[in-house]
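Presented sequentially are two complexes of chain A, the first with chain B as partner and the second with chain C.
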Partner chain A sequence: MRVEQNHRGQMAAMSMPALVFTVGMIAFPFLYTIWMSFQTYSSTGQVTGWGGDNYLRMAVDGQFWNGIWITLYLYVLSLVMQLVLGTGLALLLFRAKRLPGIVRSLFISPFMMPPVVAGMMWLVILDPSLGAANWILTSLGLPPSAWLASPVLVVPTLAMIDTWQWTPYVALIVLGGLQSLPPSVYEAAEIDGASRRAVFFRITLPLLLPTLVTAMILRSVDLLRFFDLIYITTQGGPSNHSMTLNIYGFRVGFEFFQLGYAGALMVTLSVLVLGAVMAFNRLRAAVEW
Partner chain B sequence: MYITRRGVACLTAALATVWVTSAAAQEFDWKAHSGETITFLANSNPLGQLLIDHADEFEELTGITLEVDSYQEQQMRQRLMTVMNARSDEVDVFMTLPSREGMQFASAGWYADLTPYIQDSVSPDYDADGFGKALMDAATFDGQLTAVPLNIEGPLLYYRTDVFEECGLDAPSSLEGLADTAAKLKECTDLTPFASRGLAPAAPYSFSAFMHNMGGQYIVDGESAMCSPEAKQALTLYSDLLKNYGPPGVVNYSFQQLTALYSAGRSAMSFESSNEFGLIMESGDRLEDTAIVPLPEGPGGSHPTVIGWGMAISANSANPDAAWYFLQWASSPEMQAKFALEGIAPPRAAVADSADYKAWLEESPVRQQWHDALAILAETGTSEIGYPIIANPESREHIGQAIGDMLLGTASVDQACAKADTALNELIARD
Partner chain C sequence: MAMKPSDSRWLDWINVVLLVLAGMIVMTPTAWMILSSFKPSYEVIAFPPKLVFTPVIENYVTLSKQTPFLSYGINSLIVTFGSTVFGLLLGAPAAFVASWTRITWPAVVALMARMAPGTLFLLPWYVMFRQVDMIGSYWALILTHAVITLPIVIWVLLPYFDNIPRSIFEAAQVDGCSPFRIFRRIALPLVSSGLAVSAILAFVFSWNFFLFSLVLSNSQTKTLIAASFNFIGEGSTNWGGLMAAATIIALPPLILAAIVQRWLISGLTLGAVKG
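== the complex of A and B ==
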């Protein structure tokens, strides 16, 4: 009995650093943000009142609803493109087993690049006047595009850049899933004379679902709080057409000193992220085999 | 040899002056804080970059170790805000734009009062009275000096003389004439006729001169006046110029894109900061084919925008005395004379009159034009960019938003100004 108690004590002591880290680095900032979200601040950063004003203000703030819409639009567009292309790339890498290491490394290199560097690089490429993208278009006799300066194209362009960067990451996750699929199922399908199309849609894809849901969870967390790339390339422009909730909250807090309102926006975003993760977790449990 | 009483008196006075000056020089010890360390939060614009490039001279002179934290302008402010809200002493000295954040930072108590330092703790050759009065006044809030001027700057019209000559055009002489000139350039050349800032937070820097020259004011009788006839004319002219004659994607343009475009010889007129002069001329390609003037006058006269970066000490600095040494070095006549030769317009008249600077100006006509245009800005300019309220930075966002909506064609001038007025009146009421 005493030995068991000692063991428990040792276990608790050894868990303490992780517990302190979690409370200090995760729980405290989050609780502090919730606390701030119930305060109102002056333009000089002084607390001027308490209550739920920030949440009431959010309900009637057009910019907030615009931020929600842009966040979800960018999220869905990027996630779909990354899952489709990532699965395709994973299948390619899975089948081309003799692909040289250098080619495999090149395939996955974009996601190793810091988003700020990727943003700067694409900013230069997509510059409407001096960039290579429009030079290529006009060389082919096509009309130039405004890319990140177009209110219609800005979100698809951002989704395209993010997809370029993160598709290899999804592909790696899916590749891991493909490598763990049981070969016996494929052998049985081959004996039954199933077509390649049928094998993919009736065997590979259903068996890959848990892996795909894992990839969706990981990308969802990043995509819903999409920040660095937008901050580098458009800062929410042109005219708020790429102002995600995260960018809006950042600008409200760090440029306009409205810390309480920024806190309310960030708490709302956190709830959104948490909700998405919980929904995908349920989905994962449902598709587990 | 015959010496009069008056001669003796003059000689005595001169000797006394020399003695007092040399005594003061001896009293002021640049090494007084040797061995200490201070942190400088810098904006990585041409001015901040020059300060960083010359930092080793400061360290050699004082023995103080300078740690530099350098960011682009917006990121620098965000870093500062994090540090100051945490009441941290991580930053000792920082660059600041009094015309933008002065009132806000002063009200928040972020600036240390520099008045006692500039009165009592300067080296004999510092010449504290040598700064332009307007710049010192702009950095003084409630009788406290919050920053010392580092430069003088404002938006200027850079234009290509070779292209104008080829198209048979003269420099525009009126604000309304800008559109005619741009239209003729569009017919005559493939270059972008007119470029200026379109990015929402950056656009008010350029737009404000249009607003004031058109005769408009941001606030009239305590209310936002973006829908006054003059303001609407200014909004229409500015957005039409950029929409019809500006570069593609101008709605995302700030100074970086403007400088790149003009330096590459791709725009015929560019309304851009005087501070970009050094970068634009760096390659030498534009040195011979560029002329520079202030924005032409409009129906409301000529009220160009003029501002200046300053250097401030953090109210939370644990080492304000050593920080003052850096501030004093950076704003000294000697350093400002060096920076002037790199295209940073000096805020001190004495530096502008120095032989080296004059010789530098005479080397090229465009340098002289740049200097002359800045002299006009200093004499007739206003530093009102956006609303003269504590939430000035936020007010700029709403002005920029109105310009952006008109550039994209998503709002008419009436819709854009009404939306801006609603938001700005709320802001005025909040402060």
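== the complex of A and C ==
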């Protein structure tokens, strides 16, 4: 039928611009990076052929393993804090029942502001000599801290800033999950005289698991690629103590212009992200009800 | 839940107190930033910090005089606006087709773009744009930022199109309406609120995005976000100016986010959560 064909043609025409853009700007560059990561180079940087040189180099590069460690350390620390505090905040918001727009806007503000701005703001607050954070510490009789300038504290400090930014986001996701729980289960629990603690651990938490896993997936994707805040505040320092894989890959690529090696690092990071997402997807399937 | 009413009263109070506390923790750093931006330059680095001071707009004035702040702002607007429009023009019809024909590639690709680290794309883009001598151009920034906006538009709009009863489309088809017309005359008006939400979210995320303009802009096309890196270098001596810059940069996304706050969470979680 001509009309039918015409319809198909129009549908194709409507999706064509997006398809062309996607192939040109996303799919092709993606493959190009993989291709670059398998190129081999001479000592002067000329492309000499094919092979796994970049990946072999990675395996013996202490900075790469440091990057993996920092990435995972920052990831686990931030994720745990955000999930625990986010769930707590969600329970508070849920009990409050009504959430006026102004309050919601307040809780949205940290994660909708540019991470770069959050970085600028916290740099000033956490300044080791003149910052407000150390003023609070010293007036409480505690010793001042170097925060982002401390090799030991830099990752926990970055995790704290990210937790400040994203806990409300996790909370609003979990709140959505709480609001969708069936009230009938709670009525049944009440009739059975279940204790508050039992209701939380035996009913709320298990029913909430799929939502929590969703929040974990969404946060994992961002946390494993943690970039803006670090680049603005420490650029990986002090002495590489906050050099995540993403920051390292960026610096290898755009400060040393070793595109092939940077490509190998980014492909590895992508595999890490994809692996985490797939693992959590399995977990979600297991806790679905 | 089984408990005495008085017991529940107490818990309600504790709940409110804890919520106020959480709100203060969330609000204080931002309030501090805004406060510092209105402090006179000699007071902003006072230690211990002063809580009471006479607010001045000196920092904002110096910022506009000593840095090309306005032209950075215009660059940001061009790139953000351009990439949002680009994302909508490409994403809205694609989302419509994806919803109607149940093809999945737009959603899958959008997800891929969301998951891969930005540097992964930036490496080949850098090579590509250098080949055609486009590094530093507005188009390079608009196209790369469209990689942020397009997935947002597709993901936000898909459920809106899915919610339109298919019988409406089928009836229109029987009446001889072409897919083009159905899209323009029927589907688009029905998802107008979705268009607004996706446009605002795309705008916010394009505005906030740092990495691409960090590498692909030059001194003429530098966006506010990329320029903030310079402000920090200078900010070691001028906190007031730094905080003034931060406040202005944060303002557009915060205002826009407040407008769409009700639809924000379902938009940000790719529809995984109904907020």
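Convention: the second predicted complex is superposed on the first by the 253 of 289 C-alpha atoms of A that agree within 3 Å, B and C clash if a C-alpha of one lies under 4 Å from a C-alpha of the other, contacts with A are read in each partner's own complex, and residues count from 1 in each chain.
Basically, a residue touches a chain if its C-beta (ideal position, glycine included) is under 8 Å from a C-beta of that chain, and two chains touch if they have at least 3 such contacts.
Model, not experiment: these values are computed from the prediction.
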item: Partners on chain A (chain B, chain C) - clash or fit; value: clash
item: Touched partner set for A:Trp147, first chain B, second chain C, both or neither; value: first
item: Partner chain in contact with A:Met121 - chain B first, chain C second, else both or neither; value: second
item: Touched partner set for A:Ser129, first chain B, second chain C, both or neither; value: both
item: Which of chain B and chain C A:Gly45 touches, first, second, both or neither; value: first
item: Touched partner set for A:Pro156, first chain B, second chain C, both or neither; value: neither
item: Which of chain B and chain C A:Ser239 touches, first, second, both or neither; value: first
item: Partner chain(s) touched by A:Phe254 [first = chain B, second = chain C, both, neither]; value: both
item: First, second, both or neither for A:Ser180, with chain B first and chain C second; value: second
item: Chain A: partner with more touched residues, chain B or chain C; value: C
item: Stretch in clash, chain C with chain B, out of 110-118, 128-136 or 182-190; value: 128-136
item: Contacts on chain A seen with chain B and repeated with chain C across the two complexes; value: 129-130, 254, 259
item: Chain C contact footprint on chain A (complex, rising order); value: 6-7, 10-11, 13-15, 17-19, 21-22, 25-30, 32-33, 36, 89, 92-93, 95-96, 101, 103-110, 112-117, 120-125, 129-130, 132, 135, 139, 164, 168-169, 172-173, 175-177, 180, 186, 189-190, 193-196, 199, 211, 214, 217-218, 221, 225, 227-228, 231-232, 246, 249-250, 253-254, 259, 262-263, 266-267, 269-270, 273-274, 277
item: Chain A-facing residues of chain C, complex; value: 1-3, 11-12, 15-16, 18-19, 22-23, 25-27, 29-30, 32-33, 36, 45, 47-49, 89-91, 93-94, 96-98, 100-101, 103, 105-106, 109, 112-128, 143-144, 146-147, 150, 154, 173, 178-180, 183, 204, 207-208, 210-211, 214-215, 225, 228-229, 231-232, 235, 239, 242-243, 245-246, 249-250, 253-254, 257-258, 261-262, 264-266, 268-270, 272-275
item: Interfacial residue positions of chain B with respect to chain A in the complex; value: 74, 77-78, 81-82, 85, 104, 107-108, 192, 198-201, 247-252, 257, 260-261, 264, 266, 389-391, 393-394, 397, 401, 404-405, 407-408, 410, 430-431
item: In the complex, chain A residues that touch chain B; value: 42-46, 127-130, 134, 144, 146-151, 234-235, 237-240, 251, 254-257, 259
